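Presented below are the structures under discussion, each in the form of structure tokens.
The following pair of complexes shares a single chain, subunit A, combined with subunit B in the former and subunit C in the latter.
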Partner chain A sequence: MLAEILLELRNLKTKFKTYDGEVKAADGIDLTVHKKEILGIVGESGCGKSATALSIMRLIPSPPGEVHADKMELNGVELQSLTEKQLSKVRGSEISMIFQEPSSALNPAFTIGEQLIEVLILHQKLDRGAAHRQAIKALNLVQIPAATQRLADYPHQLSGGMRQRVMLAMACACMPSLLIADEPTTALDVTVQAQILELLCQLQSELNIAIMLITHDLSLVAEIAQRVAVMYAGVVVENASVRNLFAKPRHPYTQGLLASLPLLNAERERLNVIPGGVPNMLNLPKGCRFHPRCPHCWQICRQQEPPLFSQNGSEVRCWLFAREMNK
Partner chain B sequence: MSNLLEVRDLKKYYHLGKGVGKEQANVVRAVDGINFAVKKCETLGLVGESGCGKSTAARVILRLLTATAGEILYEGQNIELLSHQQLLPYRRKMQIIFQDQAGSLNPQLTIGSALGEPLRIHRLVIGKKELKAKVEHLLELVGLCSEHMCRYPHELSGGQRQRIALARALALNPQLIVCDEPVSALDVSIQAQIINLLQDLQHKCGLTYIFIAHDLRVVNHISDRIAVMYLGKIVELAGKKALYSGAKHPYTQMLLSSIPRLAPAGQRQRTIFSGELPNPLHPPAGCHFHIRCPHAFVRCTIEEPLMQMIDSDHNVACHLLDK
Partner chain C sequence: MGNRYLRRLATLFFSLFVISLLSFALIEFSPGGAMARYVENPNISQADRTRMAERFGLDRPAPLRYFIWLRNTVQGDLGTSFMTGRPVLTEILERLPATLKLMTFSFFISIIVAIPIGIYSATHRHSLFDHLAATGSFLGLSLPSFWFGLLMIYIFAIWLNWLPSGGMITPWFDPSAYPLLIRPFVIFWEHTRYLLMPAIVLSLSNIGSWSRYMRSSMLDVISQNYIQTARANGVPERKVVYKHALRNALTPLVTLMGLDLPGFFAGAVVTEQIFAWPGMGRLFISAAGNRDYQVLMGIIMITAVLVLLGNLLADLMYRFLDPRVNYEG
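Coming up: the complex of A and B.
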């Protein structure tokens, strides 16, 4: 089952110049998103997952940011060569993005109807009446009850879950081919989180969009994604199908993350702990970035950074697999 | 084992002003008659969605807020009736740690002085030497070292700050620590470190915890018994095994089914419940949960269900039990 490639990202480097030195938020990221798939990107805070997403959207402010990739193609179009005008056409209609905090992503001074209609008029060149009808359709799509009345509501009149639905309606109104969801459920309650996840799955199958789900919660990815990329300190350390990753996590970091999650069935008396903390991005350890926290660290890990080893579509950045997998 | 803390019919109402054109002042019943007891050295988990009153309950128990009605019995003494002065010895026994570790530490105080402050206020140490030794001991207890003493909060990571908050709570040798979402703001790998630390300290110092969180996985891991709250009321209170394998209240079942599992998609069935927490200003009549409940019947819309004991350690408030 090899679907067409939608987004191809090769060797993405996103740097920020700070007073203390250069921070490489993304340091050579390779990612591929196929059409109609849900790709989960998992990592702890500061590992560069949001920086990667913003780089794809070309939303990193420069200065202090600096984005460079060998390849950043969406549907065969190199995003880095586009002008600002061409870009704003791509954003919203080809790629759209939703964020963690829906209340700060919506403008408090306009009704959600005005904000939704604006998107439709700008991108689809609809007239006001058609845009209004389309906006109601979009709200129905994300299962907001009494859509016509809700159009006249201001963001503060809606609950957090409803606001995130509005964001989704706005993001999907122009039928993008890629939706980047950056921690879409982190600010929500578990019951509402489950509803939003279900909605994401539905949107993906009904509208045939690909979703890049960025989260810190591995279990969310297990719920809805087909493939997962695990990130650590600016690099992808493991990239595999969901089934493979959870059945047989390869990278010691992935193993550690999975073992540190509390489980519901109370089989785990004590949580496994990854010792230490995330490294300072200004001063990364030499060799493998994970080696100071790794239980399997050996000589080469301290000296040389491991490349991505791959086998049967799974990729892992760890010297332990140098023999059994291909470079 | 005896009860360390008992809460009887505790209520906390907030009266909102009479707005223009409103006929009567609105009342938010943040905590609306909750009953529970915490035994010595156990962990009671308190879960619920945001706005269900779990944090308010915690603050009322510690008398950081005044209760509207009800009794809080600490070792049999109703602390609700005590004066400020009389309360001091009880303050020493009950401590709290918060979710926002950065906000709960004074940015202008070094870690050493932040930890020393409770000791000085309660006059538990004499002289600088003893103070320093005690602070060093506290830092060691939470897995940090004495070099952290002269640091400021902003120089530490989130996990380290939460350790400091915990050390400060431990400074007065408390019996009860209320943990209000202590790990919600932390990364997964750090979360595991803090949870393990909490468990170690419980064994070492004989602590009792009231552990508040919205994440049922974390609560289930650390607690002996769990109380599930919905709109200011406890709807189910049970030992964790009973709650996980035999949840009786539809809301508990809903919470359990909403939790994402570590099973790849397609390998399990999930029921999605619709609806969200109603406005606490106008809670539905009868059982507050009936508008979201898949099993609601006529009685649920009229009569409020009372807490019933169905097992020695399992209480549920739901009309379905009588059906």
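Coming up: the complex of A and C.
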């Protein structure tokens, strides 16, 4: 099944100029999102997941940020060529985003209804009455009980899970083709997490929205995504279908991540953790960024950054595959 | 909710009581006395002074005088002025409108200038404008208002001769001398030209502190997650700033305005003096010079009531602006 390409990102570089030096939060990222698919993006804290997402939304503040990509096309439209005005038309209607902290992601000074209706009026040119009805529909869509009453509530009157549902309702109210969910469940407790994930799946299948699910939890991805991109220190190190990735993780970092999953080795006392810590983004190691922590490190890894090797739709950035895969 | 406001009201009356006690003690302990201004007068003998003091009830011990004052005040009688012999309340009510007019006008100038400066400084951080605004507000806060006042009088009244140097209205101003069509504008300008300089001078320190506060409040709000959400949902930047951010940034400013109110009254005293503005502040200064204690106490109490009511209003505004504050509290 060859789905159409929705988002194509080539060689994304996002830098932040700070007092201590330049942080390359994204250092040559290639990503492809197909229509109606769920793509998981996994990586440790600070590896540049949010920076990548915000670069696509064109929401990186400048200064200190600087974004450049060879290609950043959504439905064939180059996002980097859009004016600020065109961008605000695209945001929320073609591509939208929800964030990690539902408690602070809604404006405390306005009711749920005011915020939801504002977005609907902005994008769909509805009158107040129609927008109001549409807002109730959106809340029903994300399974918020007593939707009409909830419209008059302020965010602080709702629970964390409810707020994340409202965020989803706002993000999906105008039927975007891509939803970026940046750690949407990290701040929620486990049962609510499961409900939100289920809701994401349902939105994807009912509204045909493609979802880019950002998380540092591989097990979430295993549950709902079709493909995964594993990020490490500003680059994508492996990109494969969920099935392939879990059956045959190629990159040593991915292997380490899988080995540290609690579910897969419940019988063990201690989890397998990757030795070493997250690299300092200001001072990245030479050669492959992962080599100081890599159990298979050899000479070339210390000297030269590996390119992405690919085979049958899987991609891996590791010298171990230089022979068996294509550059 | 009712309970809460009952408590506020009780606190308000208690504050008024403490203020009256402290002010009375302060006046009592200050040197000189109501009769001091007659000491140098050869036509008034010691015996005359004693008789006058008896008449005014000044020979009684201070605690007794305080209780008499308190009893009368509670009944709405603020006493009579030693100087003019007229009821204190009448004297104050004659002057209060002028002060309120000046303060209201100045308050609006402060808001209209300070808030946009704060917003622009926050959205254009480290720009030339931001640096100029920082310097300006520093000057506005630190240079004394009498200095600004005299400078303005020198420039606009004496040198350019655009505005009157003091007073509230031209005594012989007669609107009926103007055609009906332009009369409202003439009246408006007649009031405004007298108000302009004192109101600006009175605004300076407010503009200085409010604009800085607005800037930092705005910066704080702009970095909040919900601003990111608004942008991510396609809300245009103008609306993000002027609707989503401003509404939240204004809330703490309202509290600051309430806290600045006493300083505002103090500023009015100085400003009225510079510009010969016939308000309560000038009455206060002349009453202080003449040791007209009844008038002093009256003005202090009326000001205290206004300040406390202003704070109550600020509190209500805060509740209105921030739905998270619960009413039970």
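Some points to look at:
Heads up, the rule we're going with is that the second predicted complex is superposed on the first by the 324 of 327 C-alpha atoms of A that agree within 3 Å, B and C clash if a C-alpha of one lies under 4 Å from a C-alpha of the other, contacts with A are read in each partner's own complex, and residues count from 1 in each chain.
In the analysis below, a residue touches a chain if its C-beta (ideal position, glycine included) is under 8 Å from a C-beta of that chain, and two chains touch if they have at least 3 such contacts.
Since this is a predicted model, take the numbers as computed values, not measurements.
Touch criterion not met for A:312: it reaches neither subunit B nor subunit C. Once the two complexes are laid over each other on the shared chain, residue contacts for A:326 go to neither subunit B nor subunit C.
Which of subunit B and subunit C touches more residues of subunit A is settled by the count: it is B.
Once the two complexes are overlaid on the shared chain, A:257 sits against subunit B while remaining clear of subunit C. After overlaying the two complexes on the shared chain, residue contacts for A:83 are found with neither subunit B nor subunit C. Of the two partner chains placed by superposition, only subunit C is touched by A:171; subunit B is not. In the superposition on chain A, no residue of subunit A contacts both subunit B and subunit C. The part of subunit A that touches subunit B in the complex is made up of residues 44-45, 159, 161-162, 189-195, 197-198, 216-220, 222-226, 242-243, 246, 256-258, 260-266, 268, 270-274, 277-278.
The residues of subunit C lying in touch with subunit A in their complex are 224-226, 228-237, 244, 247-248, 251, 321-324. Those residues of subunit B whose C-beta lies close enough to touch subunit A in the complex are 49-50, 157, 159-160, 187-193, 195-196, 199, 214-218, 220-222, 240-241, 244, 254-265, 270, 272-274, 276-277. Taken in their complex, subunit A has these residues touching subunit C: 57, 59, 84-85, 88-93, 96-97, 99, 101, 104-110, 118-119, 122-123, 154, 156, 167, 170-171.
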